[in-house]
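These notes are about the structure you will find just below.
Chains: A, B, C and D, in written order; residue numbering restarts at 1 for each.
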Amino acid sequence: MQSPLDLSIASVIVLLCASAAAPLLSSKQKHLVTFTFAASAFASLLAFAGGLSALYGGAAESVKLLIGLPDLPFYLRLDPLSGFFIMVVAALGFCVSIYSIGYVRSFIGRRSVTPLAVFYCLFMAGMLLVLLSDDAYSFMVSWELMALSSFLLVCFEDERPQNRKAAFIYLLIAHIGAILILLSFGLLAGNAAGFTDFSGYTFQAMRESGISGGWASAAFLLGFFGFAAKAGVVPLHAWLPEAHPAAPSNVSALMSGAMLKTAVYGMARLSFDLLPVSAWWWGGLVLTLGLISALMGVLYALMQHDLKRLLAYHSVENIGIILIGLGLAMIFTSFNMPLMAALALTAGLYHTLNHAMFKGLLFMGSGAVLHATGQRNMEGMGGLIHRMPWTAPLFLVGCLSISALPPLNGFVSEWLTFQSFLLSPVLPSRLLNILIPLGAAMLALTGVLAAACFVKVFGVVFLGRWRGRHKTEVHEVGWSMRAGMGLTAFACIALGVFPTLMIDMMNSIPGAMLGVKLDVHRGLSWIWLAPVSAERASYSAPIALLGICAAIAAAYIVAHARKTAVRRAPAWDCGFEKMTSRMQYNATSFSMPIRRIFGFLFSIKEGARASGKHPSAFFPGKYTYTLRVRDRLWYFFYKPAADVSFWLARKAGKLQHGRIQIYLLYSFVTLIALLVFA
Amino acid sequence: MTVSFAAQINSVLAALILLASFGLLVQRRIYGLLHIFAWQGLLLSISAAVVGYSAGLHHLYISAALTLSLKVIALPYILYVLIHRLKIHREVEEVVRIPTTMLIGIALVVFSYHLTAPITELSDLVTRSTLAVALATIMLGLLMMITRKKAVTQIIGFLAMENGLFFAATSATYGMPLVVELGVALDILIAAFIFGIFFFQIRTTFDTLDLKAMERLKEEE
Amino acid sequence: MIITALLVINLAAAAVLAFMGDRKLAPELNIAGSAATFAASLALAVRVHDEGPFVAGGGFFFVDAFNVYLAVLTAFVSMTTAVFSRRYMAHERRHGKIGHKGMRFYHAMFQLFIFAMLLALLTNNIGVLWIAMELATLSTVLLVSLYRTPPAVEAAWKYFILCGVGIAQALFGTVLLYFAAEKIFGEGSNGLLWTNLSAAAGSLEPTVLSIAFIFLMVGYGTKVGLVPLHNWLPDAHSEGPTPISAVLSGLLLNVALYALVRCKVLVDGATHSHKAGYIMMVFGLLSVLVAAFSLLRQKDVKRMFAYSSIEHMGIATFAFGLGGPVATFGALLHMLVHSLTKSSIFFTVGHAAQMHSTQDISRIGGLVKGNPLVGWGLMFGVAAIAGMPPFGVFTSEFLILTALIKDAPYFVPLFLLGIAVAFAALFRRVIPMVFGDAPSWQKPIKASHMPVLVHMGLALGLGLYLPGFLSEWFHMAVEMLVK
Amino acid sequence: MENVYSALMQALQLTIVVAGAPLLTGWVRTLKCWMQGRRTAGLLQPYRDLARLFSKDIVLAENASWIFRFAPYVVFGATLMAGAVIPLISFDLPLGATADIIALVALFATARFFLALAAMDTGTAFGGMGSSREMTVASLAEPAMLMSIFTVSLASQSTSLSQMAHVITSTPLVLRPSLAFALLAFILIAVAETGRVPVDNPATHLELTMIHEAMILEYSGRHLALIEWAGMMKLLLFSSIGIACFFPWGISGHGDPLMLPPAFVILAAKLALIGIFIVLVETGLAKMRLFRVPEFLGSAFLLATLGMLSFFILE
């Protein structure tokens, strides 16, 4: 039996070898696909085993590699936290790799898939290394390796200019975030012992660095916003809805399901491990931004009709929910209430796992839909459930989970989050007592809006009738794609119905980070989830599921007691005749009431124009409705920044005036100035 | 002759050199520029020789000879030939009007005196007081390059700067070590050839030596 | 002995090539000469590695950890550039951009230029250092105007005049140094030997040296290309032949910075203040900012990378000014990796320009489809130069940034702004060049891939693993630079 | 013995929910007829309706998929599951701990989710309209719901219904302003959730005002029966949630059978009163426009928040 760390390192090596070997096969594309993704699936299995056993064992082991700076080799370390995240990444990585075998084949013939194969493996390796690395240098290297490879994956279909633009925005924001992280490490290392001989860069040294006060806050802020840029926290989310649709769907699944999680890992590592116990406003900041991201994310998602863009905005929402857990945990920690912190942390981390699963599932499903219909625009879809008998139910599972409906996994983590919200009255600060419940209400709003959004998604994409102008031949996807989705769907159900098993295993994380273990049974048997006390609140997914099934069975029996015929007929629809498929509600009309209620948050341009033979008449031949919903933050933040920098660029350009006398004058004036002032 | 006498001669020469560089600033005709430049070179070599004699440093004779051959004979001749061959318009055109240039020049002299005062305090050489003049010459050469429009005049300004440097070397430090002197001389010689080539290139590509033609490379608006 | 060999080889090669002219084997001979130089430099390196720093040629030469790695780097990059220029110049020759006289001149001057830089690096005499710097300028001036196009001539003229003036100011600074040294060492060239000066730095006259440093700063700073003395640089880089742009960016700037740093050591020793450091920091920061913002609106690809050179020289200068072991280590490493990466970028850019027969960014596209190695080479080159790991530039910037926020946090925002803007500008321009469909006017060319591969390989290697001896040298250099 | 007793209680409870729900609806309808001076169809009419629907054939829209046929069962099942958790006449329900009130709300949400999907399934205009509006109203109701729960749970330190009710009954009666606010909020929310006037009108088939009805427009036969039945149960359950949270007195404690008959009577009385209240409201008020609903539920949220604040400030 290998040690967990060995397993993880082995999987990284396998991935690197696969990406190195891929170009050699580039002449035989089919074999290339099979080989690469089989290899990455195998590597994921190794890593999964490693992560799981590390999480189960609860101990930390570390190793020092030979590469790196001479005085700063790469330090790798595997403790429960990183083990958990490795497990998350690997689990999703496995499913997505299986899925990719079928998905990537569809590119063959249209373009070379070699870059996709190479960078896919590099991307996986980068993510695993981020989670393993134990010093600032190797962390940054693997962090940027991850960013670079994912950037190249995003502009895989590089003929489309918007893909290139998306990739650019993504890379820019990611890199700025990386620099911020680097600076925060710089502060920690600078305060640690042995900065000048580079040994201060190890996380161990940072842990022991007695950084405190303003510097600690500065380090936290730098690091947090650095990671937030990667996680897509509002207002740093602008890249996310651009990059995810641009990337191939298997990559979007990984980026959204796994890569964002590495940012969460970074935040957890920074605020619970490297930095000393936080000031309460750190947690307050995280909580607030989490709430804003959750709400804004879901609202923007509701406004979308591009399937993958919509899902991308939901990633913003779910990252927000995860941050809520983290933020509450930090607040509780700052008031020295480790047990409650443990609950909040577990809630956040469990949602991390769940989100990886259902968002991976949903992105893979969208990939399947894209593969089948060749489009991402929901307005042109409908009725796919008749053509895709496998994809539809699997996608439905994803929808139910992300909408936080029992008995699936999304609900469990949101329920735990609510429970930790309900603990806030014990906080000694009146202000927090009053403010935090409002946060709970916002979370509730988010949950229901998400449900509304996914009624829209499933209803418009899979139900109803085909909305497209011309019929396209839609077909079910191949076995490997179904298998990939099926695995994640199974995970969603399992994590939803038997949450306690996983949560018990995750107990080693608060044990390691906060020094307390969480008892989620409170004396009840394993089927019960009672995080605080049996009297306070309890939830049992298995019983709920059984109960519902029993009730359904009973209802079925009752309903079928008397034999009645079933016949098909045109929809009645209040006797409305000549229903065409274009009269159905579509994504835009579905979200109209919500758009009207929350309209003030968006910049909406709505227009209706009569056209046709006599537009002026009361019954125009044609009526065109146009709607453009834009991200306000884009105009508050990004555009001004760009404008300012181009203005400055023009000013800088003026320096290069072209006249040699002017240049000589510069040098002359510089000389005089230095002589006078220096 | 006595050291003090040598010092007096040297300061006279310094005054003349300064005068020469002002002359370069005011002179409107190119041949006139050449003459003044040659005179300045001559004064330099004399002062070098005088210093060398008075301080008994024989390598200064060599540098004096170098100066004589380069700056009094070779360079002016080359420039003369070039100007003649390229039929350069005889008038000097300036960017800044002459009187203004004069005023700036005077300001520069004052500035360089103020700057070198603390240094000359420290020196024990007889010629130390001339350091200010050397610096002033350099600054005036630079000023000339800034305020002139033609390539030729810029070159002359450049060479005037070199004169200032040389003067600084001799007066402030009794001359640099011989290796350096030779190297510098060599560089100046190469530079001379290069700008010779340049004049032809510029002439052939722009058919004028006016620097106005060479303001294309800039950041477009 | 080794040193003389090292220098003579170039001179001999230059002479032979001057006679050979545009004959058949001239490019090969050019390569051979540089290769021999590289071998010699390696021998030198081995000797330094075994015996440590030493003075040779009656105190005329001085080799220590600081200049030996730069010498090896110079020899190496000159070799790869010679290899690159073989095919590149052949292409230019075929397309009649350059005549046989031009080729003769090119080869001879190339070798002379390398000689000048090696001399500047290895000499112990700061007067000779100055001479070598001037020689380096003069030998490249006419190479910049090699194509005889109006922009080329204009660029060369500006290069000539601005650097000439700058270097003249440096000479005055040197004179002042000598003036200060004379009182200790008396007449003769002892007073210009860097070893003596640094030994006696404490007793040199501070006021003189601080004034001297200002002249040296402005003088050598012009050659380093620090804002606001940088104006010659974009023109010269964009208009000269690409191999020359590569060596100018990759080597000459380094050598000038080397000269500046050598002088800074003396001044610090004399004045016992951080004044010189602050001046360098200001110059560096200004360069980073101005270069970054100028990058944003570039339309000419070589011009763009010229500005990026300014930016990186700014970073290195800033780091040297910042001082402290970590920052200095970073700066030394930065000089190395920047020259490797930037020259390889210029190689790929040169080929890209030939493929599209233009340097206009908007007319270059789809490189990956046209010539994968050039395309990916440019992509990864830019990623490296923009500070993406696992390439070496990241390593140095990592050290510099961490040291910066520790020692001078108030500089961080501006510095960060500069880096971020430069990053954005580079990728904004490069992504459309590398990706997308190949334009109709794209023509296949015979590209020389070896140099690019070797350089990028080294840049990558240095990012992941810094050899022991190298870091040893860096530490020694840091010892010498950080008193 | 103990287990058997509580199992019995559970069974009894379920039968009350399943069998009693139509009665409550019937009671409300009858009252309404009286108020409006119409002849009544009698208390038992809902049972007859259900029976009739069960015996009828089913007409499926051509486009309907398995979602459409599966939804009614889920709706019924989820509602019934909820019914097993809310204490009606006794506290000791073995299934009581299965879901606290948050999970309970989520169960109703599941039912709603499937109903909305089914409405989209037939591909008609009204179905989409119904589900869109239903989800909108729900999304506005939920935060207010949570706030009022939060306020109540502040007092009882718990979100498990039995526990909340138990705490209130076992502690001496104190007048809590927070609970008063929460109650008001809860009433508004319950009106919205159960789709009564003024938010929605269960009796209307006027196309553009429908919300709930628009969703089930295409249903017929047993499917419709199940949905209607679930709807009735939902009315009963929301009433009993209100009872458990705010007026739990009279619910029998652990293991005393003697208290059961009075508890049953008291429950019936409470439900009757609630029915009267509903009818008064529905005859007194007119249905409001859809875009007035946000204000309606917004005020519910405001009340709940006030309740929470008053707990921290006054108690």
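Points worth noting:
The rule is short, and it goes like this: contacts are C-beta pairs under 8 Å (C-beta built on N, C-alpha and C of every residue); 3 or more make two chains touch, one makes a residue touch a chain.
Computed from a predicted structure; not experimentally measured.
Between chain B and chain D, the least number of touch steps comes to 2.
Remark: among chain pairs A-D and A-B, A-D carries the greater number of C-beta contacts.
A straight line joining the Cα centres of chain A and chain D is 36 Å long.
In whole angstrom, the spacing between the mean C-alpha positions of chain C and chain D is 78. Separating the CA-averaged centres of chain A and chain B is a span of 69 Å. Centre-to-centre separation of chain A and chain C, using mean CA positions: 44 Å. In chain B, the residues that touch at least two other chains are 115, 142, 145, 154, 214, 216-217, 219-220. Shown for chain C are the residues that touch two or more other chains, namely 157-158, 161, 165, 169, 211, 234, 294, 297. Within chain A, residues 650, 652-653, 655-656, 660, 664, 675 each touch two or more of the remaining chains. Pairwise chain contacts in this structure: A-B, A-C, A-D, B-C.
Of all residues in chain B, only 57, 115, 118-119, 122-124, 135, 138, 142, 145, 151, 154, 158, 161-162, 164-165, 168-169, 172-174, 176-180, 183-184, 186-187, 190-191, 194-195, 197-198, 201-202, 204-206, 213-214, 216-217, 219-220 touch chain C in the complex they form.
For chain D in complex with chain A, the residues that touch the partner chain are 54-63, 65-67, 72-74, 76-78, 80-81, 84, 95, 97-100, 102-103, 106-107, 109-110, 112-113, 116-117, 119-129, 131-133, 135-136, 138-140, 142-147, 150, 153-154, 157-160, 163, 205, 207, 217-218, 221-222, 225-226, 290-291, 294, 301, 305, 308-309, 312. Against chain C, in their complex, chain A makes its touches with residues 66-71, 136-137, 140-141, 144-145, 147-148, 152, 155, 158-159, 161, 164, 167-168, 171-172, 175-176, 179, 182-183, 185-187, 189-190, 195-196, 198, 201, 645-646, 648-653, 655-656, 660, 663-664, 666-667, 670-671, 674-675, 678. Within the complex formed with chain B, the residues of chain A that make contact are 650, 652-661, 664-665, 668, 672, 675.
By the touch criterion stated above, chain B contacts chain A in their complex at residues 95, 111, 115, 142-143, 145-148, 154, 211, 214-221.
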